[in-house]
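As written, the chain order gives the labels A, B and C, with residue 1 at the start of each chain.
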Amino acid sequence: MTFTDEETLLAANASLDDSKADRGSRQILTFVLGAETYGLDILRVQEIRGWSTVTKLPYAPAHVLGVLNLRGSIVPIVDLRMRFGLERAEYTAITVIIVVSVDSAAGRREFGIVVDGVSDVVDVNPAEVKAAPDFGVRVATDCIRGLVSVAQRMVVLLDIDRLIGIDGSEPPARSAQASPAPAAA
Amino acid sequence: MTGVDALQAQLAHLLGRRLVTLDVSRLKRIDTAGMQLLAAFVRERAMHDRSVQWRGESAALSMAAQLLGLSAVLGSSKQPPGAAARDGHTP
Amino acid sequence: MTVDLTQFHGAFFEESFEAIDSMEAALLKLDAGAPDQELINTIFRVAHSIKGGSATFGFGEIASFTHSLETLLDELRSGSMQVTLATSDLLLKSVDVMRAMLRCVQAQQPIDAQRVSDLQFDLELMIARKTAVAAAASPGAAAGASRAQAPATAEPRASRWRIAFRPYPQLFARGIDPLRMLRELSALGALQVRAELADVPRFADLDPRSCYLGWSLELNGSVTHGDIAQVFEWAEGDCALQIELLDTPMQEPPVAVATQPVASSAEPAAAGAKPTADAPQLGAHDSGSIRVNVEKIDELMNTVGELVITQSMLSQLGASIDGPGAAKLRAGLAQLERNMRELQESVMRVRMLPINVVFSRFPRMVRDLAQRLGKQIELRLTGEQTELDKTVLEKIGDPLVHLLRNSIDHGIELPDARLAAGKSPTGVVHMDACHRGGNIAVEVRDDGGGLNRDRILAKARERGLVGPHDVLTDEQIYELVFMPGFSTADQPTDVSGRGVGMDVVRRNVMELGGQIELRSEPGKGSKCVITLPLTLAIVEGQSVAVGTETYIIPLISMVESMQLRSTSVSRVAGRGEVFLFRGYYLPIVRLHELFGVQPRTRDLDEGLVVVAEGESHQRIGLFVDDLLSQQQVVIKSLEANYGYVEGVSGATILGDGSVALILDIPEIIRALSVRAAA
């Protein structure tokens, strides 16, 4: 089942009741990138929307495509394929942006990540999560929380804070610069 | 109100141009009818996503714009404060 | 019945702090030579109220101390003790102690008992030593202003009028020019004008001999209905005119007790007013004002900002709709736009406060500083009622403090030096605020020695900022003062002179989107003018197109735009393309190169060049594809979710919902010179 419709996704959320939380299981939103399936903590997902044209940001790393207006906030959009070093894909009508809320040194921030498509929301029991091996997985290992098997599929659980926060998705803050000497008029 | 028809004709001519700069440095007197025309002109340009640039300073224009509450509509008929002093960079 | 009083603590503290502020202000205005009875009454009332309130809440130490204070003030009030410089000093110290006590109690920390009892002892000593004075203090309005004090702010009773002036189309033909009338009105008082353009038809349909304009005016002044009606006499029958009286203008932020001597006060001078009811109320607020939590107002501003964006999106959509009802829809949307603009203005005004909020702490500061440095300083404050947005107000305080300190520390000379120079021994520092265009201008002027050109040059040479043989114009020398770490003080006083000042002041001002200008005349004095936008959240900008991207250039940075002929562009080794503008060669900055976007054209002949200006009159020419409209845009933060981008100060959302980046011109220029220097 593939959810590309925001409303359906929210409805699915509503049907999962809170009692599951007691058992310590987490709800994970799974999505597809290329041949692999990845997962994100559903609590971090703000919304899911389709692709729209982005305003470019100067001096940004290649995987930061630009910014979008999301309900009045300026939100940066990251192409995960580029971030993971996968081949680029075309953005089509079914390309999806997952808007996530990320914890950073500066507090909570919102980001949008571009993925091929969104799949189910699944329950994951933390006990079943296995550590990722050092090889065989494309993504840098410090972004991975672990691997878990769901319906005979391997899902790579991502640590969204580390994914977005590290290596240049976040440009440095404004640094104090010395003013140059008075130029000759 | 003299000359207001001529002004309208002149401005009408400029409506379609991509870039319009009005040099007001020699404008010594203007009345409400003239201001109304200018305001309508600037507004018409804005409706077509075009702007009007102003060159030079006219005390009469600035004063009239301020008194008639048309400064905002006309846009930067005033240059940033102290701009006059900056021209030529004389100390 | 036991009532939990802690719920009232917040109000008590807030009101007490305000009351103490007003007490301090009154004390500073008090002239020892000719004390104003009204001021003394005010001070007494404050002390009495705080005593009562603190007793009710069980804050014993405060109550006890204030009781001693009240006793002293009672003596002063009844005239059995004279107001001297010594008493003023003592009272000011008491103000400090009371503040400190309130803060401690509020933070539930122990009070400095020693300090309190020391001062209390002094108070009681003074009471015991009171000398019988022959005459009571003179009643009625205050005598002239004295040293280190702000001038009395009493004004004749002003009225506020709203005037709706809607000429009929034939007004022009009758030979009547509204400009004349508005000019007359503006001579009667402070006039605010809003033009109504709703009835002005499209340019092609406009009959230039008919009047389509209307005006909504607000006039503040000692004016009668008749005065106003007389101005419009000639237009009778050719216009619709409405004149209505609004309430008297709002006082300053509500204080517990009025501090201005009201000319028509009916209170008998000797007795003074009876203090108001006991705690927890410290005195009635001004009727017609309420306290509002700042967060609520911020929320309101945000919501209105979103409304503006939504409305502008709707307008855009409306423009492209056809069919039956489209005209009505567009008319409705136009009306909506008008309403929105009014709403936005109203809300922005809610956040405006008079600059007096910042000015009010200066008299005390000047007095203390002057005393410490052994100088005689008179501080003049004008334009204190000039209003600006709260956010700008909060950030303007520190720069102004620094400028003031500079004037006092470095500007004004010691009394002997002044006398030797043929000046009066008392130096004057004048701080003025006024609205200029769409901005607020704050000026700090002193009649001290001015900037010492030679000293500055010498210091700069010492620091290696300037070569030993370089010749600099006056302007360039003043520019040096803004360098980080610069100070010509031989020994930094602990007040200023550590040299961390002017560069920070300028940066703060520029971050607020404003400008700062320094002028000086050796021997005569210096003047520093800070210009700031009225509000931070909105900027007037010119939108430009580069390829498919839209950028906004703040109007405050814009000089002119022009079409360039590639033949008038030269290449200079190491500096790229330059062109001649008003006698100077300016570098061309190709925005498409700077930001790495695909432009419509790279051909200088096909695009446009916008001349923009940054700090200290440095100018560049920005090469863009096209000029779009000028508009007011709501500034959205890029840093909230992303971070800092060089050359970009923020973003905004356009009418079609897309994002446009707002350019930071001073930053772009700075980066350019850094790169060129490299």
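By definition in this document, a contact is a pair of C-beta atoms (placed from the backbone, for glycine too) under 8 Å apart; a residue touches a chain by one contact, two chains touch by 3 or more.
Computed from a prediction, not measured in an experiment: that's the story for all the values here.
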Pair exhibiting more inter-chain C-beta contacts, A-C or B-C: B-C
Most distant chain from chain A by Cα centroid: B
Between chain B and chain A, distance of the C-alpha-averaged centres to the nearest whole Å: 51
Cα-centroid distance, chain A relative to chain C, in whole angstrom: 44
Distance between chain centroids, defined by C-alpha means - chain B, chain C (Å): 29
Shared-contact residues (touching 2 or more other chains) in chain A: 185
Residues of chain C engaged with two or more neighbouring chains: 473, 584, 617
Two or more partner chains touched - positions in chain B: 89
Touching residues on chain B, where the partner in the complex is chain C: 1, 4-5, 7-8, 11-12, 15, 18-19, 21, 31-33, 35-37, 39-41, 43-44, 46, 49-51, 53, 55, 64, 66-73, 75-76, 78-83, 86-89, 91
Complex contacts: residues of chain A adjacent to chain C: 53, 55-60, 67-69, 72-76, 109-111, 170-174, 177-183, 185
Chain C to chain A touching residues, read off their complex: 305-306, 309, 465-466, 472-473, 476, 479-480, 482-484, 503, 548-549, 584, 594-597, 615-618, 636-648, 651, 653, 657-661, 670, 673-674, 677
Chain B contact footprint on chain C (complex, rising order): 172, 177-179, 182-183, 186, 193-195, 197, 200-204, 206, 208-209, 211-213, 215, 436-439, 441, 473-475, 515, 517, 529, 531, 542, 555-556, 558-563, 582-584, 608, 613, 617, 626-630
